[in-house]
Structure formats: structure tokens, C-alpha cells
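Following this line, the structures themselves.
Shared between the two complexes below is subunit A, which pairs with subunit B and subunit C, respectively.
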Partner chain A sequence: MGGKYVEKVVPSRNLSLLNKAKNHAEALALGAKFLVRPLRITYRYPIVKEIPDQGYRGLIVLDDNKCIGCSLCARICPASAMKMFQAGEKKLRPAVNYERCVFCGYCVDICPENALKHARTHDVVFESGESMLYIGEKFTLDPDTQILSGKVRIYRVRVDEKRGLIYEPIR
Partner chain B sequence: MLDSFILFIKNIILWPPVFYLLIAPGLVTILISLLLLIWAERKIAGRIQMRYGPLEISPKIGGAIQLVADLTRYMLQEIIIPRTVDTLPYLIAPIAGFIISLLPVAAIPISPIYFPSPMTNSIIVALALTTLPPILNILAAWASNNKFSLIGGARESFLIAAYELIVILSAIGAMVIYGTSDFTEAVSLQKNLWGIILNPISAIAFYVAVLMATGRFPFEIAEAEAEIVMGAYTEYSGLLYGLSMGISYTRMFVYNVIFSLLFLGGWQPFFTIGGHIFISYVLIPATVVILKALIVSLTMVFTRAIYGRLRIDQALGGAWKFWFLVAIVGLIWGSALTYLQQVI
Partner chain C sequence: MEQINNVGGFSAKKVDDKTLILFFGPQHPSSGHMRIIVKLDGDIIVESDPDIGYVHRTMEKLSETKEWIKNSVLFERLAILDAGNVTQAYIIALEKLLNVEPPPRALYLRTILSEINRISSHLYGMGIFAIMIGSSTGYMWFFGDREIMVQLAERITGSRLTHTYHIPGGVRRDVSNAFLEELEKGLNYIERRLKDYEVMFVNNPIIRSRLENVGVLSRERAIELGVTGPNLRASGVSYDVRVEEPYGAYQFVDFEVPVYKEGDALARTFQRFDEIRQSISILRQLIKSIPEGPVLNEKYLKLFTKKMKDIWDAEKRVKFPSIFANLRPPAGKAYGRVEEGRGEIFFYLESSGEAKPYRVRVVTPSFRNSILLKYLPVGERLADLPAIYGSIDYFPPEADR
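This part shows the complex of A and B:
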């Protein structure tokens, strides 16, 4: 089966002078309209933050009181990012290494006590390999609370039919 | 002692040649309007393309000092001179181009009594001086020894032939009506009726030819970024690049001062404040002319966000087949108006 033959020469439109002037005027008017009432789809990232919906797979947070140390999260982890560590007498607690983590969410799904949860943010910067290991106290801190308590404006994304993505301020 | 020194400095600054070439409409005004125009161009393009434009450096005033930061960076950057260029023309081209693009200011009056050099045919001299900078552009292209530069220079040389004639013909279309080649007299004749109402055809042709001359969209063909990097200025870096980028904006501002004097009434409405000769005869007319030129320049940078880039053959075809004829029709229109005025 051969492909369909497509004529590659675009026929010239042969617009009359009046039509050309009208098209130019329309383009300029559209530009002026956007100039007066801009429809922006970008936002000022570090100052303004977008909060994703429920179910977003961000950083992983451990609730230390709920955890029973069953090691299921360490077993299911496909990237071997989650490992169990000794925390006191006969007590196992998970720790995650973000150097390996692929944010698949298996550990959160498999946890029988709902001790693990996803935070709703992803924005962290690591300066060294050691700081990518979240162990002990560090693993139980919720990064959402740190980010939301700062001096940032929080936005939520909504899909609008006319404008596409809209960032609505929550706070 | 101190008083006499201050008076000396004041007299030096207010001496017409120095005031013209340094303050208004010379170097200081053109540099400030250059910063303002480039910032406005980026900001307008940002707003229309659903972005913010420059904002991060000074969020409260909309990133207005971004261009000062850019200029500082250009000034501190190393100027790399490639081994294969023809060094002397390579260095001369952007510097001389910037200075020569400022040169028409020497013939443009911005107030009724205050000239850099009194002359009776200042329109012709100013228009003649505006035709010089493209030669330096072609010199830069040739000296750079780079194929992108060469293509840019060739495109520029094609465009010069197309737009210069339109600029001069449409300026003559206005001059015919006023019956003079002196800016001061032409502006004083526009007291009741501006030139753009008397001869709109020549005004439109002049406007489009200025768009073409200064590389604004849709005629940004000689330095098309997506096709030939930066045209004739591909090999430049540092302050030389900053200067070469400023040339087209400077030319646009100077052309628009000429446009506002020829078609937009110059310093009309002209009014005086009793007792303040310097303010009423120099500062207020200069402010009016520069504001008009800035507004026209803003409409020109506004086109960047709307139009795409024409091909060279489309631009040349449009210029020769359409705008050249429009300029001639404007000339005939101006002559007819003059003839009718004489008959009636």
C-alpha cells in the first residue's frame, strides 16, 4: 500500500487589498486586546506555588506512631530505595533514599497501617548524596507544612475551556 | 567662585550644540529611550504571548531595570575577536554605526528657536544622514568573515535599495505640501492641521518604510535570529554586541523624531509660560516631540508580538510592487493638494 500523494505546492490565496488590510487590522486588534487584558498561563515559580490535587505522588512522609515495622514497604520497593533500619530495641523503621526513589508509590499503597503517605510537593534540592537519605526524624517531617507556612502565594490549577490552564489563588 | 563655576557649567550644557548632542534629543535621551523601548518590547511581547516578560530583578516596577543589568553585563563581558576577522573594520563597524545612527540629530530641531546648526534645508540633511548606518552594517558583515554575517549583510543591502526610496519619496510627499525643506517652518505650518491628516498616504508609506529600515517585525530579515543567528553581528560579543543591538533602536527613534516632526505636528500644541524662556521654548517642545516619537516607536515594537517574519522575496516584492507605488501616490496626492490650494 503506497501512501497518498500530497501536492506540496501551497496555492497562493490571492487576497484582495481590502481583505489584506482587514486581516492586518484584525491581527493588530487581537494583539491590542491581549495587551490590555493579558491571559497569562505562567506563574512566578518560587514566589507563587502551585499545589497539586489529592493523589499527587510527591515526597514520602512516615507517621512514626502508626508504623509497626513490618518491612513490607522495603520489600515491595522496585528501585531498592526503601530500606529498614534499626531504631532502638527491636524496632524497625523505614528510610528512603531519594537517589534511587522513582516515586512509584508502591510503599504507600502496600502499607497495612497507612503509616506512609505522599506529600503534595516535589520541590527539593540536594547539595550532597548524604542529604538524599531520609532517615529517622527527617523522614517524619512533612515538607508541605514547611512550604505552605512560608511567604508564598498558593495557587491551584484549573482547566478552563477558553483559556486553557488557569492558576487560581487559594491564599 | 562656586557660583561662577556653576554658571559656567550651566552655560556649557545649555549651549545648543552640546545640549542637542548630549541631552535632548542626543545621547542621554536616546539611551534612556533605548532602555525603555527594549524593555517595553520584551514586556509587550510577554503580555501578548501569555507570559510576564522581565520581572525578576525589580518586581515592583515590572522589571524595568532589567536592561540596566543587561548593559552592565555587556560592559563587563570579554570581547572575543575571532582570529579570521579583518580586525580594524570589525572593531570600527558597530562603534561608528552607533555614532552615525545618532548623527541625524544634528539637523533635527526640537524647538522653534533653538537649533544645533541653523539651516534652511534640514529635512534633506537629516534624511541624507539617516541613510549612512546600513553601510556600516554591510562593513561589519564583510569584515566578520562568517557566512551568517555575509547572508545578513546581503539581505540588508537588498533591503536598503527597497526602503530608502520609499522613505525619501514619502518625506518629499510631505515636503511638497509645506513647500519648504526646513523642519522649523514645516512644524509651524502644522499649527492647525497635522501632516498625517493632510497626507495620510505618505505617512503610512513612511511608517512601513521605517519598520523595514530598522528591522522591526515583520521585516526583521537582516538579523533573523532563527535563520542566520544575528545577521551581520553574529561574530560580536560583549559591549560591541550591545552597541550593534542598539543601532536599530537608535535609528528607529531618530526616524520617529523625523516622523513626528513631518506628520505629527512636531512641538504643536505649542504654548509658553511667561517668564520662563528656557522652559517654555526648549524643555516643553523637546518633551512633546520626544513623547510623540516614543509613542510611535512603541507602536513599532508592538508589531514584534503579532507578525511573523517575511521571506526576503516577499518583503522586497511588497516594497517594490506595493509600497513604492503607495509612496508615489502620496507624492501625487501632496502635489495635487498644493495645486488645488494655489488654484482656489
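This part shows the complex of A and C:
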């Protein structure tokens, strides 16, 4: 068990003219094969949308009823993106600034009441710096519902032995 | 000295009729975030001076202002394409200070992520290398197929590149059997594609003529300069941290570490391809033999509340005990080393018993390899400089820290 070193030599150095011709022909034939049947791994992004796997660390959503205002999420945030704010008398609630957030998910994992969760959406366009601050009610809305109720087609990606990645429409 | 601006997009200084000083980068597409100042006699390089530090972010000093667990998020930004391995080295050192050991299943999961990262890091390096020497097909293929590895890493950790997967005493998430099946499929795909790469890239006579006997690094020179990783092994030195000081689950699997003797750009290319093959074999063994059990150390599992246990049972996701926000390792010193895609990364931590580290020292493989850019190009043609640069798989943000 464990690793061992194996000495190796680069095979076929200084290719002969015949081998060069053969290798050129092989490369061209392979290129021709992919010209007919390309391995496309991209998708038409704004027209269709990929929804990531369950467990993806996207935007963060707060469940206001579960939150007890313990401030652990603000304490563990490595980018100081999450801060606590007064939300009424003797009531603290977190707010997140996506200008700073690095989506490490520490806040979600340390929350003792499971009041924070990840949405599966991460690609949101912000029009101004202020709109990147998610505070109060804005922080409690699930962005997934907005995306999933829109008109775009939703794709899911699957790993395939032959084609690499396959994008399958789920709606 | 006469100043000539814009010689084919480069800025240059004329010394005399035969000699020219050329500033290669930092905006040049094949220099990365760095500059190489080369002195040319005709088109032969007589002197080469790598000018690094363009993406220096004071990582070591910055880490002294952050709590222990937050630094893991900071350090993965050293090498974003190989984040799993970087954080693993930091967490191994931190675990030595805290005196906790991860359970076997966590070790296996760490090694699975390490090897996925190694494949994607090598494919990234080969992609950049391909475009530097003008093979845009190679670039598209390597970068495209790296996406499969990135997707698989996302399935484990929840994030494509900045995984933040390792925590003291274990890992953050468990994987399902469905993931292991998907991983097997991804490996079969990459293995099949390796044959295509050989035809289109490595055995292609055009690529061969750009790489053969270019940038030869002898065994003695490699040891003298303190080079690390695949570049060292391609020069005939048997050294790999996975063998010398096994961490993770490397002691539970059989694998070979290829060692090439020639030390030129072609040998370094073959070295990386062979390492991808070995990574595939390691991953297959890990899939077969992964044990059941918890993924976090008993010491922290004891602190779980009922709610946290329910979430673990339902979602296989580790909730952090609140002690993680305020880790205070006892005063002491520790190190952690891990074989990354580009070589050995070394962390030295010093704790004074506070919530923040007293000192963190990072020695990264790219920094150790950057010295090659001073010695390897001398005597070669200017057109071979991108081939040498690409073949040593230099990653500037990692070197500059």
C-alpha cells in the first residue's frame, strides 16, 4: 500500500518522417471526426438556465421565524459580509452584503437554529451598490422561486461517459 | 540607451545594434500576472529576469488579523484552481495544533477532492500551455474537459472552485452513492479523452517540434534550485509528499509516481499526463474502498445539539458547533505539507493561544518554481520562452501570495 516511484522514458523521440506524416494524418482525422460530431459542453446561457445540484452554495436566505439573533453567523463570516442589525426592540437580525460575500457558507453551517439556507441561484444582476445589501424582508425572500417561475427553460447538468456533460431540460 | 516603444506590441530598449532588452509582460497574453525582462542577442536570450509580485495580497500578514477558521477561506485564494489541496495543508497544520484527527471516511473524502483538484489543475495548466504555444484546439479541449472535474467538485462541496471543504477534525459534507457513480462516469470520460489528447496534442509533430529538447533542466540543477512537483520529477528526482509523508488516504491506495529523466518541456508534459492517469486510478480505488462512518471527529460530534444531529441525518451536512467561531489552539508550532498539482505546498503555523494566529508562513510550489524562469530560458530562442513558461505550469497568484 502507498505510492512508489516508477522511472519512465518519453516514448518515440525524434519522430521519423514517416511517423510525422502518420501522426499528422491521425490528428487531422480526429479533427474531422469532431467537425462532424462536435463535443459541445456549453449551453445558450441567457435563453436557457442551468439549475445546480441540491446543496449548491448560492445566495443566502433567512427564515425570520427561526432566527434567535445569536449573531454567530456575523462572528464567523470571513469577509465581514454579514452584520447584525436592530430589527425592533431587543431583536437582532442578520443582513448580508453581496459586495463582500464569498459564498463560503460558514454562516449557514454555524446557525444553531437552521434559520439560514442556501438558494440554488447565484447569478443576480445588481443595478447599484445599495441593492447588494440584503436586509430585513428582502433577506427572507427565496430567489429560487422568482427564477423558477420565470419564462426561461431550466436545464440540469449530468455527467456522461461518452459526451462529458449533458444538459437536460427539466422544464 | 535609445528607447523604442512598441516593437510588435512589446516595449523594448535598444542596447546596441545586436542587443535588445525586451519587456515580456505583464500584459502579454502568455506571461500571466508577471513580467520577464529578457536581454536578446538577435533572437537568442542571453539574460532573463523574472519580475514577480504583481498580484501580491499580503496573505501571510492578513491571516494574522483573522480567526483560525476564517483563514481557510483566505488561503484557498492562493490557488483558486487547486483550492482543495491548499486548504488541506492549512487544516492539517491546524489539526496538529488542536490535536484532533479526522475519521477514516473524512480522510477518504479529502483525498477524493485532492485528486479531482489535481486532474483539474493539470488540465488547466495544459490548457494555458497549449494556447501559449499556439494550439487553440488543445486549449479548448483541456479547458472544456476540466469542466467535468469542476462539476464533480461542485457535487461534493457545493461550490465550483472555492470549495472550503476542510474543517478541523473532518470535512463539511458527506457524499451519496449516486455521486460516486457519477464520479466513475466522469473518470471514464477523462480516460477516454486522454487518448484523443495524445493524438491531437502530445504526439502531434508540430507540438513535438516546439517541445523536444526545449528548456532542459538537469537533475543536479533541479536539486540546486530547489524546484518542486512535476517539474522536479520530470528531471529524474524521486520526490513526492504523497509518498514521503503520506496524508489523507494515500496510505490506503496503491499508486505509482512517474519519474522522467530528460527534464525538457516534453518530459514535463508527459509527466503531467501520467499523473492524470495515476489520479484516475487512485480515485477508482477510493470509490471502491471508502468506509462508512462519521466525517467529523468525536470531540466535535459530542457538542452537537439534537437539531444539528437531525440535519446531519437528513442532509448529510455537518453543522458547525459554535466553538468553531472561537477556536483557540494551545500555544505551539506546527506545519502541514501537501502535494498540490504544481508541487509541494508548506504551511508553518505559530499559535500563542489566542483566537488568531501569531504567525503563518506559506511556501508555495509556484514560488519555488519561479526561479526556473531566470535560468531555463538562457540560450533558447525568444519563441521558446512561452513553451518554457507554459511547461513549468507557473501560477502567479500562488507565487506572489
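Just so it is clear, the second predicted complex is superposed on the first by the 131 of 171 C-alpha atoms of A that agree within 3 Å, B and C clash if a C-alpha of one lies under 4 Å from a C-alpha of the other, contacts with A are read in each partner's own complex, and residues count from 1 in each chain.
Quick note on the criterion: a residue touches a chain if its C-beta (ideal position, glycine included) is under 8 Å from a C-beta of that chain, and two chains touch if they have at least 3 such contacts.
Everything quoted here is computed from the prediction, not taken from an experiment.
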- Message: If we overlay the two complexes on their shared chain A, which of subunit B and subunit C does A:A27 touch? Say first, second, both or neither.
- Response: both
- Query: Counting only touches as set out at the top, which of subunit B and subunit C does A:L35 meet: first, second, both, neither?
  - Reply: first
- Of subunit B and subunit C, which one touches more of subunit A's residues? C
- For A:P52, decide between first (touching subunit B), second (touching subunit C), both and neither. second
- Go through the superposed model and pick first if A:R44 touches only subunit B, second if only subunit C, both, or neither. first
- Query: In the superposed arrangement, which partner chain does A:I68 touch: subunit B (first), subunit C (second), both, or neither?
  - Reply: neither
- Message: With the touch criterion stated at the top, can you tell me which subunit A residues are shared between the subunit B interface and the subunit C interface?
- Response: 27, 30-31, 39, 41
- Query: Given the complex with subunit C, which residues does subunit A contribute to the contact?
  - Reply: 1-10, 12-15, 20, 23-24, 26-27, 30-31, 39, 41, 52-53, 55-57, 72, 75-76, 78-79, 102-106, 109-114, 118, 157-165
- Message: Please output the residues of subunit A touching subunit B within their complex, sorted ascending.
- Response: 27-28, 30-31, 34-35, 38-42, 44, 47
- Query: For subunit C, which residues are in contact with subunit A within the complex?
  - Reply: 66-67, 69-71, 73-74, 137, 144-145, 147-148, 151-152, 154-155, 158-159, 162, 164, 172-173, 182-183, 185-186, 188-189, 192-193, 196, 199-200, 203-205, 208, 212, 236, 238, 240, 242-243, 246, 250-262, 266-267, 270, 274, 305, 307-308, 311, 315, 317-320, 322, 324-326
- Task: Over in the complex, which subunit B residues touch subunit A? Could you list them?
- Result: 44, 47-48, 50-52, 55-56, 59, 302, 305-307
